[in-house]
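For reference, the structure I am asking about is given below.
We call the chains A, B, C and D, going by the order they appear; numbering starts again at 1 in every chain.
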Amino acid sequence: METFVAGLHAFLVAPFLDMVSLPDFLLQVIWEGFVSGILYALIALGFVLIYKASAVFNFAQGIMVVFAALVLVSLFDLGVPAWLALIITIAVMGLLALSVERLVLRKLVNQHEAILLMATIGLTLVLKGAGQLVFGGEPKSMITEELGFSTGSSDWEVFDGIVIFQHIDIAAAVIAIIMVAVLGVFFSKTRIGRALRAVADDHQAALSVGISLNQIWAIVWFASGIVALVTGIMWGARSDVSFALEIIALKALAVLILGGFTSVPGAIVGGLIVGIGEKLFEVYWGPMFGGGVEAWFAYVLALIFLLFRPQGMFGERHIERV
Amino acid sequence: MSTPANAHGDSPATTEPGVVAAAGDNEAQRREQLLSVENVTLTFGGVKAISDISFNILKGEIRAIIGPNGAGKTSMLNVINGFYHPQKGRISYKGKTRKRMKPYQAASSGIARTFQNVALFSGMSTLDNIMSGRSLKMKRGLIWQMLHVGPARREEIAHREHVEHIIDFLEIAHIRKQPVGKLPYGLQKRVELGRAMAMEPELLLLDEPMAGMNLEEKEDMSRFILDLNSEFGTTIALIEHDMGVVMDLADRVVVLDYGQKIADGTPAEVQSNQNVIDAYLGVAH
Amino acid sequence: MFYREAGQFKTTYEADQAMLPIAQDRVGLLLILLIAFAAIPLLASDFFISSIMIPFLVFALAAVGLNILMGYAGQLSLGTGAFMGVGAYACYKLATLFPDLNILIVVFLSGFFAAGIGVIFGLPSLRIKGLYLAITTLAAQFFLEWCFIRIGWLYNYNDSGAIEVPQRMLFGLAITGPHATPITRYLVILTIVAIMTLVAANVLRGRIGRSWMMIRDMDIAAELMGIRPLFSKLSAFAFSSYYCGVAGALMVFFWLGSAEVESFDINHSFLIMFMVIIGGMGSLAGCFMGAAFIWVLPVILRAIPSAFELNILAATMEHISSIIIGALIIFFLIVEPHGLARLWRVGKEKLRTWPFPYAT
Amino acid sequence: MKPQNKLKKLGCAAIAAAAFAVTLPVAQAEDTLFIPSLTYRTGPFAGGGIPFADGFADYFNMLNERDGGIGGAKLIVEECETAYNTQKGVECYEATKDKGALAYNPLSTGITLALIPKAPVDEIPVFSMGYGLSAAAIGEKFPWTFVYPTTYWNQLSSILKYIDANGGLKDQKVGFIYLDVGYGKEPLPLLENLSGTMGFELAKYPVGVKEMQNQSAQWLNVRKDKPDWMIMWGWGAMNPTAVKEAAKIRYPLDRFIGNWWAGSHNDLKAVGKPGKGYMAANFSGIGQDFPAVQDILKHVVEKGNSKVASADDVGNVLYNRGMFNAVILAEAIKVAQEMTGKAAITGADMRVGLENINLDEARLKELGLEGFTGPIKGSCADHEGAGSVFLQQWNGEDWEKVTDLIEPMNDTVRPLLEEAADKYVSDKPDWEGQTCT
């Protein structure tokens, strides 16, 4: 009984006491969670863009992140100036989008979603093989400074302690916000953006008003390619550019569960919940379980969440009809 | 819409008048009540699909539920077999009042149904689809199933025989082994009826069994429904738009409009009811 | 012309319900079994048996497990690797706790642990469908992986953190451990896989199998026909996980000899999913075709450079085989989304009516 | 019913069976020495696998070019790609063992563990150079496994010795950050044992394989716990991420020591200047200033027969370690040839060669590796050689050797290794050891 009470105390009370006793540290944990949350959100955003427009669950988003970053870094290593490398990489992602649309999606119109998912897993294998074949398997370091990002850090003295902000993390947050804003404007103000939403709502209706589905698909894949590139630069700057990054992208799937497959704000909020939640859990509760709980926290959170709200955070309750 | 008189004239079932006569008003009163719906109200997020409807179904009769689109007919069937749960009202089945019921409980208590948009198991053959109707009747456990010898095999064969009778009855022997997904619509409807029949239900709910059929197919289907009712004694509740069919088949008709009951009675009574005429001729809308 | 059922009349329902109603198919199956049980052990090299046939059979069994869930019951799962792991760790624990218990009994018992865990992680399927469900099964995958690492009791607190297969005998012959010859291990696995496949086929054509397919094709209609979704979905998870669990136990005890958590990682979940998809969802024969395709193809591709004395790095070949497999998956999905099994069936149909292509 | 269509049905199986039914006989026209090289040039750890595999292959190539092989027998090195995956590793083993393989370098803890029980059955020794199962150092229990020049456990003791000599270890807090797989967990029993006997506090920070590039939580905990020293058992992408994170929380990097798999050029080049001060253990020399390395450059790299991307990669930490692996094998082959008197030796001969290896200072000089590493002397009982390690430090651009060889605390570690070996064997009643006299 006593051990039970002690256990309960350790689980339900002690972590919060910990948080209060070192407020600057708590802020640091939340900030770290916030930054990784932003990166999860960016990957999830790539998923959402494609799913919204084509109902394809693009499993290859994770490998696209690695692929884009690899192209950029490898070009730079070949002596291409950073700005030019960036432009060429964007072009490569465009080319990728076009070929995916031409060679894969166009042939799989109206297939079951599991089949489309499978096709993107096939795409993952292709990109993985091709990426390693062309660029080699060694990890590479991101050309952070060359792209104009500062690698320094700033301190914020608060609560008798400090919170350290890496400039690159701040940049990641700012860029993510700008990207979401740009996408928002793009969806609501431009002709193509409105067409995209039309497609998302009803494929046939969109076709009947003369919107080319193929064009739309190529555009969303290109847009996700750019999101992938940004994600790749940011995450690459935090560690390095290698294929090990791909597995982290799976976390974005848990984010999608929380936020819903079609909601841009859902992806952002879901990303932040997962990012901050798993950091708090790992730092304050993880040691109780021997650590490493980050590996499953996001998925278990998503699972529990789904049990109570199957429609996701921003989804509407679906009425079944027969 | 074809007039009732015309449809009646085309009806192939010559034995029918006898059945109808037997189900006269007095006769109906004497019959046992199989299901009664009392003051049922069903809403979806503020929208009333069914409001305060009461009616009953008697043992052995063919009861039609008619009404314009969106009248709440399918919702009514969904309430009866437990798929939707009404916010208010009572449903009594075989004399017992039930509160909240799961669809599979409804099925095991003897309620079967077909669907407006065919809901066959598209990956399975005609035979398997109808065999699936026997699910509740098959009892052998996992171990026997795994071995597929002795009792499990005998059970399977026995049910297969039963299903073959249904296949003969519905005249679909030639498509026995075909995947249902590729069958023409009319045949799919027939297989669906067969699947419901295989459950040997006491109450069979048919949701627009003749929708989208040509005249010949409708005649066949009407014949099956009447035979089913007279030969097996199955009580049938059906939703149908073709007034001719309804007038020919049904013993009693309940009419819904905008989720409310506007008439209830024999086909003749309903036909002359002013509310019904207004609803169908579009006076109100 | 040769593959024709004309003249083969069925006079009983029993004959009509047989698993392979056409005589040619029965002979074909017999031949395959003959090759598997007699020709391969007699003729094949150790490498062929231990690096191609044994993994192929293990993965085929896991694919049968996943296909039951995905192809027959319509529930997507990405947790196959972890369920295999549950079977393997359970088998290891049982084998070391009860060293005198016959290893085959241990293998079959260990499947029940996998089934139990499968049921727990199958619970969300009652409320969630499709891709959402698939992602929640990732929770099973990653949580179980973490357990395999963190719970030292599972691997008897070995310093290595791995489970190591002890030697076990059957009829005085070593069937597990380093002294078990590839042929012995192969024959044990083959027998188990053959029996379990037969059992799966029996279940799938009976009431329970039908109830899974009903849930898969139209869950609402199935429920309105008296199928309890709770029981049906969870039984599919249990049955499927049992198969995966046994496959995992076989993998460690009869193939690898020792295993760390990486043998049950997410990549294995995907690998087996590929096998099911390429082979054909909802087809048992497809599981074997898919497993053969996905496992054997890279082995052959790897053998190419040395066979033709090409100076290609092994790693390059690895990348190329990744590209080829990926491209083939896409190709198959485009050409025949129902997999090799459907291609095979279409081929048979053609053969049946040959030379009259339109006589269906 | 006719048989033709059945043939078609069985086509696939039959062709496959026929293709593999007969193993090709290995041509033995002249004496050859076959050495399988299990590589991982792909996968998440490729960054470490590539230079290692290059160094390994290049040294044997150089021997072929310069000396015409060993003892007149040509060396054949066949690479088989494992991608650090146990299943593929076992497949590689099965595929190559019948070609007359002399020894296996599994290059992953998982594959090592899978091969250890197979080695006595197939009579091919497993040489896991400084990795794999530490307990395999006990030759009585593991006749077929070798771990020269030292084990993870002894290496750890050397690192702890360094800490003790630089400010003391007693009552200090030591953080241990490790890859959460068999490899990373391997030294934990020793660490826990020593924390008791040496009186330091231990804090553990596991990093999941999937979380290698996402370590901020671990390092936040480090910031909270404030350990006096950090020791890392990392690999692959985990290493640069850890050093970056350590720099981020401003952990003093000269109190952060990695093991010999956490200190390659690849790892720290990805970090660059911010990684200045980070230390790592090593047992193989750095750079090209060794005659043997120069020979490789001359006979292999300059002739374009190496797989290295550029000649600058020759001499980096992992390249030299791969080369060192080859050196030990080559030396064992030579010893075996001398002891058996035949040029084409077998796996069993190789075992004897490995057991009787004696790389003393003089021999190292002869090989052109003076100062490259400490002397190694094996025996029937000692399959480890209890070698020493030195520490190297990252100066922002390159590694520098900063300590002399640090001897391990063999007296403390050896009994523990024996205990571990007994434990490994205890649940294997039919395990065959050997008696050394």
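Worth pointing out:
Going forward, a residue touches a chain if its C-beta (ideal position, glycine included) is under 8 Å from a C-beta of that chain, and two chains touch if they have at least 3 such contacts.
Predicted, not measured: the structure shown is a model, and the values here were computed from it.
Common neighbours of subunit C and subunit D under the contact definition above: A. Farthest chain from subunit B, judged by C-alpha centroids: D. Counting C-beta pairs in contact across A-C and across B-C gives the higher total for A-C.
The most centrally placed chain, judged by C-alpha centroids, is C.
Rounded to whole angstrom units, the spacing between the C-alpha centres of subunit A and subunit B is 50.
Subunit A and subunit C have centres, each the mean of its CA atoms, that are 33 Å apart. Taking the mean of the C-alpha atoms as each chain's centre, subunit B and subunit D sit 74 Å apart. Computed from the mean C-alpha positions, the centre of subunit B lies at a distance of 42 Å from the centre of subunit C. Touching of two or more other chains is recorded for residues 142, 146, 149, 220-221, 224, 315, 318-319 of subunit C.
Looking at subunit B, residues 83, 115, 119 sit in touch with two or more other chains.
Shown for subunit A are the residues that touch two or more other chains, namely 132, 137, 247, 250, 290, 292, 295, 322. The touching residues of subunit C, when paired with subunit A in their complex, are 76, 123-124, 127-128, 130-132, 134-136, 138-139, 141-143, 145-146, 149-150, 220-221, 224, 266, 270, 273-274, 277, 315-316, 318-330, 333-334, 337.
Across the interface of their complex, subunit C is touched by residues 57, 103-104, 107-108, 111-115, 117-119, 121-130, 132-133, 137, 247, 250, 253-254, 256-257, 261, 289-290, 292-293, 295-296, 299-300, 302-303, 306-307, 310, 320, 322 of subunit A.
Looking at the complex, you find that subunit C touches subunit D at residues 2-3, 23-24, 27-28, 31-32, 35, 39-40, 43-48, 50-52, 55, 96, 142, 146, 149, 156, 158-162, 164-167, 177-179, 255-263, 292, 296, 299, 302, 306, 313-315, 317-319, 351.
Taken together, the subunit B residues at the contact with subunit C in this complex read 81, 83, 102-104, 106-108, 112-113, 115, 119-124, 128, 131-136, 138, 140, 142, 145-148, 152-153, 156-157, 160-161, 164, 195, 199. Contacts from subunit D toward subunit C in the complex involve residues 1-2, 4-6, 9-10, 12-14, 16-17, 20-23, 39, 41-42, 46, 50, 78-81, 83, 85-87, 90-91, 94-95, 98, 109-110, 113-114, 117-118, 120-121, 133-135, 180-182, 185-186, 189, 206, 208-210, 307, 420, 423-424, 427-430.
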